[in-house]
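Take a look at these structures.
Paired with chain B in one complex and with chain C in the other, chain A is shared by the two complexes that follow.
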Partner chain A sequence: MHTRYLAPELILAVTALLLLLLKVTGRRLPGLTAFASLSLLLAGWALWPLHEENLSFLGGTFLLDPLAFYFKALFLGTALLAFWGAAGWVRRNPETAPDFHALLLLETAALMLMVSAGELISLYLALEASVVTFFTLAGLQPERPGSLEATLKYVLSAGVSAAFLLYGMSFLYGFTGTTNLEEIGVRLGATAWSPLLLLAGLFLLTGFGFKLAIVPFHFWSPDVYEAAPTPVVAYLAVASKAAGFAVALRVFTVALGALAAGWSFVFAVVAAATIVFGNLAAIPQTDLKRLLAYSSISQAGYLLLGLAAMSRPGLSSALFYAALYTLSNLTAFFVVAAWEEASGRTDLAGFGGLARRAPFLAAALLIALLSLGGIPPLAGFIGKLTLFMAVVDAGQVWLALIGAALSVVSVYYYLNVARVMYVEPPAALAAPGSPAPAPAEQTSPAILAGVAPTTLLAIALSLLGTLLLGVYPTWLLRAADWAARLFWG
Partner chain B sequence: MGGIPAQLGREFWQALAWPLGAAAPAPAAPALLVVLPALAFVLAGLSLRRRPGLAAGLAIAVTAWSLVASARLFLTVRLLNGELVASYTWVAAGGVRLEAGFAVNPLTAAMLLVVAAVSLLVQVYSTAYLAGDPGYSRYFAYLSFFTAAMFGLVLSPNLFQLYVFYELVGLASFLLIGFWHEEPGPVAAARKAFVTTRLGDFGLLLGILLLYWHARTLDFTRLAWLAPELDPAVLRLVALLIFAGAAGKSAQFPLHVWLPDAMAGPTPVSALIHAATMVAAGVFLVARAFPLFAPAVAGRLPLLVVAAAGAVTSFLGATAATAQDDVKRVLAYSTVSQLGLMMLGLGAQSSTAAVFHLITHAFFKSLLFLGAGAAIRRCHHEQDIWRMGGLARPMPLTALAFAVGGLSLAGVPPLSGFYSKDAILLAVLEQARGSRPHAAFLTVGLAVSALTAFYLARLFFLIFTGAPQEEGPVSPGRAHRPGPAPREAAAAPPAMTVPLLLLAVPAAVLGYFGQRLLPVKEHLNQTLAGGTTALALAGIGAAWLLYGRRRPARDPLVAALGPVHRLLRSGYYLDDLYTRLGNYLVRGLAATLHRFDRTAVDGLVNGVAGVVLLSGRTLRRVQGGWVQRYLLYLVAAVFLALAAWLWHGLELYPAGGMGRW
Partner chain C sequence: MSPPLHHYLILAAVLFCLGLYGVLAKRNAIVALMSVELMLAGVNLNLVAFDRYLGSRYLGQVFALFTVSVAAAEAAVGLALVIALARRRNSVDLSEFTDLSG
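This part shows the complex of A and B:
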């Protein structure tokens, strides 16, 4: 039965709807985090036996292949960590907590559908489902400054890029008379060349570029990152990008694979522009969430290197990179979230003296940032190294040059965060609604006591992953290679 | 159950006992050189926070073990007259295969010995120097981390592992320069050091990628075999990129600017990392990858670049050192200059001479730093040599040790520096027959000899002779640093003087015996030896006339040289230049991009607050302005991409080739 193949998504959707129904009763719901975690674990349990499958079902609407499995597992893990990391925020916002949990579960289900979409309609529907869920999530805290503005920006940009996406899809349909990705690829191989086809591809790139927040489709992301609730941003920054990467990969290699050499060039240019822009624009940022937004833009550029290489090693290193980027970025955002709970500040100056107040948080953030900067022996180093190797193998030495040079720049602004945390005098605590405690009380135990234990656990786990993947990366590299094996043999 | 852990445990104990005389060979012993300090780092960093004495004891015990193990490894390799290599697969997935392991040969074993010996003495010295510092156990944890990383670097059997540890020693250096992280100066210096050396590392990484792509291996032994068969053009590029990495770490022009600033770290750290070991890693790297630099496989260019960079660095460093007033900055520029000399030796195709000088330099330069540290500590962290003086009377042993180190570095026979420096100059001299650049390099080398003797003598006279200077107020930022209690102010404690005296021994005699231990060319060129000795004595004499005979109130060179002195004092204004360039280029570009991002998009919606959003005016603004702009950008971007693709596509598929694309 086909239900089995969609069981993980169904489990998530059903539990999410159940949560929303329960919320209507108006009662306070205890144990939300545990409930959501249980739902995710259940979905994971349903997902696991599917790793042996490689098939399409429901008339080719959905695919179940190693690539889809890899990303689905990644999303489930990310969501689990995101729920734990959000515990502090949930405690502070009891009214919206059920919505947050339900929406994040729905979002996970939508992203999982997105990466297994086998034709254009299901792909578009899954993508829109995830976008609609996300802007609801982004606006969950309307009292935050700039929240409505940012949400509106997100909605409008999403609308514009959806229009591009649909337009591009209609071109493809017009050319081939089918919406099935594989069929499109076959039929396009037999059609005459047309510049309109090119336009179609670029329109599609616009749509996916919005999801990935790559240059020049990144405008919305710093504002949304700054204004949306931090746990939402943590999830948005990693899972949404990974899903965008997965669908771009499918469409451009399966449906438009005949033009691979040309797309490789387009992706190389976009990746280079994204890496350069993201890293340079991050330097003058004074808000840590904005800084991480630009850093995430540049990281998406590194992901694209894998597409630019258009080779199996390139793809598998990009898949590896997606996982390690998830871990390191989650650590960084959870620390920001934890500190925001304790002090109410996300501006860079607010992190002054963090090392003396909460050494664990400061060290975790430092290690996560160093990993993102590609310092060995952390995971980011292996990720960047394998990506560069793949790109050089594909003959694009200039791309590796840009990537490596800008990673030096990234270390500069990451270390600037370290400087603030370790050198600057402790900043004033300005928690909204509560009088700031006396300086004597701002010691490590007092602050760590204010952070939810599950948040600390999520930080510790993602940090452990970053360290582990750096020292012993082989198993995940193998898994990524396994997931990439269907592409380019 | 228990099979593999038990086996591991047995091997661990065997390897641990091996240096103490157990007869059975222990293959895991070299690995323990990395593992034990790493364990010490974790333990000292995590669990021993409240027991500083234990942290220091653990670090010192581990380093002492390493010293014995290194010595035994050295002897074993010498007896074997070969190489102990073990390489294991670390990462193997898809097309990537990376290895890790260790390789012990005469070069790496000698380097191990130097690292272990200097580390041990510096750690012992530090117990006194940092006594009472609140970060005491953190300091020893970092030192252990550094030792582990440095051993890993030296033992690397391939370029990849070397790169990993290359970055790790950089990280250790970053942590230790910024050790006093309550002060802004050290932390800025730490960041500068890290980012500057990473610029070089970036070149190294590219070189490694290129080499791997071309040769499909990064193993040193295999590369030495393969090198003659590889494309010389690629190898030339690879060699130059590897040298970029070496130039960053070993402070070669134009990347040398971080080293003088790195002196903001504690003085024992300067001695260990920024004089003896880590900064020599670049020289070690080139020596290790020397088969890739050979003129027969890579052409003449790479080694010529190495020699030229070395000569320029050596000269810049030596001249700048004569004009510094901070004792540690004098020594830092001296290190820059000596590292340049080692590179010159490599460039003259004599890696043996370069490594020989690396080893002797490690001993006498750390001796000089530790001696200076003792003097600085006694003067309550005063580092201005014009406010020190007459210290030979209260601290005679320190003065004696400092004098031995200084004379050795100045190249006065029969001390160590004389032999190793002459080996380098001799190599340059041999190249100079028939090569005009090398003749110029030889002249530079001779000038540097005289300058070295001059600035070292100046340092000695101003610190240790003459009348004691009045104690002024200590520089404000350093007030919290630990200093001697008034009662013990008379002389340095034994934990400091004993390492000094122990270092003075190799600084004095290693050169003579080293000639036998290392395969250095025996024959001394008598003209050259006589000439350099005369130059060294002339330098000392000049310093005596200017500073020793009668202590001047201020530096006579300031008036005599005028603007030239200011130029030298500032290190040729390179710092200024880089800061400005960096500001203009990176920050300017970043700010422009940032402004574009803000004004182009954000400016249009600025002021759209949630409350006014509901008013029709704002909605109109949002709908009418921002979206259209955004759409415009999107469309423009898409069409730009279209144009680029078409342009590229036409190139890819020339006329007629469009059939099936």
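This part shows the complex of A and C:
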């Protein structure tokens, strides 16, 4: 039966709907984090035996291949960490907690379906399911300043990008008379290149670019990152980008693979623009969540280097990069969430003297940022190195040079955060609802006591991942190579 | 005698562009949401027209049906947001929403 192949997604969806039903009864729901974690572990248990499969099912609607498996495992792990990291936020918002858990589970299921989609309609449906869930997640705290505006902006830009995506898809369908990606690839292989086909590809890129938040489709992301609840942003920043990368990869290599050389150039240009813009725009930011938003934009550019290379090493290093970028970014966002919980501030000045107040949080943030900047011996260094090598191998030396130069720029603004945390005097605390205590009284244990233990655990785990992957990257590199093996033989 | 395919495609492109113009130029949030629907109408016309003229009979129509239902879900969330904003701000003018910038 085919149910087995979709069991992980079904488990997540059923538990999410169960949560929503329980919420309607109006009872207080204890142990939400444990319940959601259990659901994810169960899904992981159902997913594991599928790693040997390489097939398409339900008439080609869904694919189950190593690439899909890699991303599904990544999403489950990310969601697990996200639930733990969100524990403090959940404690503060008991009203919306069941919705948060249910929606995040649904989101995970939608992203897992998205990376499995083997056909335009299922791809579109999974993408929309994830986007509509994210609208709701982003607007979960309407009382946050700017939350509703940012979400409305997000809805409108998502709507426009979905329309572009569909318009591109409609032309692909018109050219080939089928919606199956592999079939499209076969039938397009015979037709000659045409301007309309190029236009269709660019429309598709617009749709995926929005999901990836790459230049020039990034404009929504800093606002949403700043105004949405921090745990939601942590998940949005990593999982959504990875899924966008996976579908772009499938469409542009399988369906439009006949024009690979042309797309490689388009991706190279977009990646370069994204890296340059994201890193330069991050420099003047005064809010740490906005700074991380621009840094995430530039990271998506680095991911795209893997697509620009259009080679198996390029893809596998992009997959590796996606995993370690997830870990480092989660660490950074969880620290921001923890500090926001303790002090009520996310602006950069609010992190002043963090090293004296909460040395663990400061060190975790520093290591995560250095990893994102690509400093050895952290995981980010190996990720960037393998990406640059793949790009150079593909003959795009200029792209590697741009990437390396802008990495240095990124280290500048990451180190600026470190300077604020380690050199500047402690900032005044503005805990909501309580008069700010004198900074001198705020000792490290007192602050850490205000942070949920599971949040600290999530920070510690993702940090451990960043450190371990820097020293022992081989196993994940091998896994990424295994996941990439079906592309470009 | 029905009109040739490209007539439909041109009409669809016109609808799409009108919708895009509406989203970019109009200040009213509800009009902007309606313009997104107009873009999708263009897409649906494309899909159905291709279906009719390429003789593949049903796939495009199924796609169009899915598009319609998903667009309804999207519009539901969008309108809910507009209502929440209107309650707080007493306005649905996008240009007045300037809390975030940079």
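Please note the rule applied: the second predicted complex is superposed on the first by the 487 of 489 C-alpha atoms of A that agree within 3 Å, B and C clash if a C-alpha of one lies under 4 Å from a C-alpha of the other, contacts with A are read in each partner's own complex, and residues count from 1 in each chain.
What we mean here is this: contacts are C-beta pairs under 8 Å (C-beta built on N, C-alpha and C of every residue); 3 or more make two chains touch, one makes a residue touch a chain.
Please read these numbers as outputs of a predicted model, since none were measured by experiment.
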So, A:I121: does it touch chain B (first), chain C (second), both, or neither?
second
Mind working out whether A:L259 is in touch with chain B, chain C, both or neither, as first, second, both or neither?
first
Of the two partner chains, chain B (first) and chain C (second), which one does A:Y422 touch, if any: first, second, both, or neither?
first
Which partner does A:F388 reach: the first (chain B), the second (chain C), both, or neither?
first
Which partner, chain B or chain C, touches the larger number of chain A residues?
B
Which holds for A:L202: it touches chain B only (first), chain C only (second), both, or neither?
first
Which partner chains sit in contact with A:A110 here, chain B, chain C, both or neither? Use first/second/both/neither.
neither
Touch check for A:P222: first (chain B), second (chain C), both, or neither?
both
Is A:R312 touching anything from chain B or chain C once the two structures are fitted on A? First, second, both or neither.
first
One more residue to check, A:L166. First (chain B), second (chain C), both or neither?
second
Contact residues common to both interfaces of chain A (with chain B and with chain C)
142, 146, 148-149, 152-153, 156, 160, 222-223, 285
Note which residues of chain B are touching chain A in the complex, please.
90-96, 163-164, 167-168, 171, 178, 181-184, 187-188, 191, 194-195, 198-199, 202, 205-206, 209-210, 212-213, 586-587, 589-591, 593-594, 597, 601-602, 605, 608-610, 613, 622, 626-627, 630-631, 633-634, 637-638, 641-642, 644-646, 648-649, 652, 658, 660-661
In their shared complex, chain A is touched by residues of chain C numbered 16, 19-20, 23, 29, 32-33, 36, 39-40, 42-43, 46-47, 50, 54-56, 59-60, 62-63, 66-67, 70, 73-74, 77-78, 81-82, 84-85, 88, 94, 97, 99-100, 102
Contacts from chain A onto chain B in the complex sit at residues 142, 146-149, 152-153, 156-157, 160-161, 164, 189, 193, 195, 198-199, 202-203, 205-206, 216-217, 219, 222-223, 258-259, 261-262, 265-266, 269-270, 277, 280-285, 312-313, 316-317, 355, 370, 375-377, 381-382, 385-386, 388-389, 392-393, 397, 400-401, 404-405, 407-409, 411-412, 415-416, 419, 422-423, 473-474, 477-478, 480-481, 484
The answer for chain A against chain C in the complex is residues 120-121, 124-125, 128, 131-132, 135-136, 139, 142, 145-146, 148-153, 155-156, 158-160, 162-163, 166-167, 169-171, 173-174, 177-179, 222-223, 226-227, 285, 290
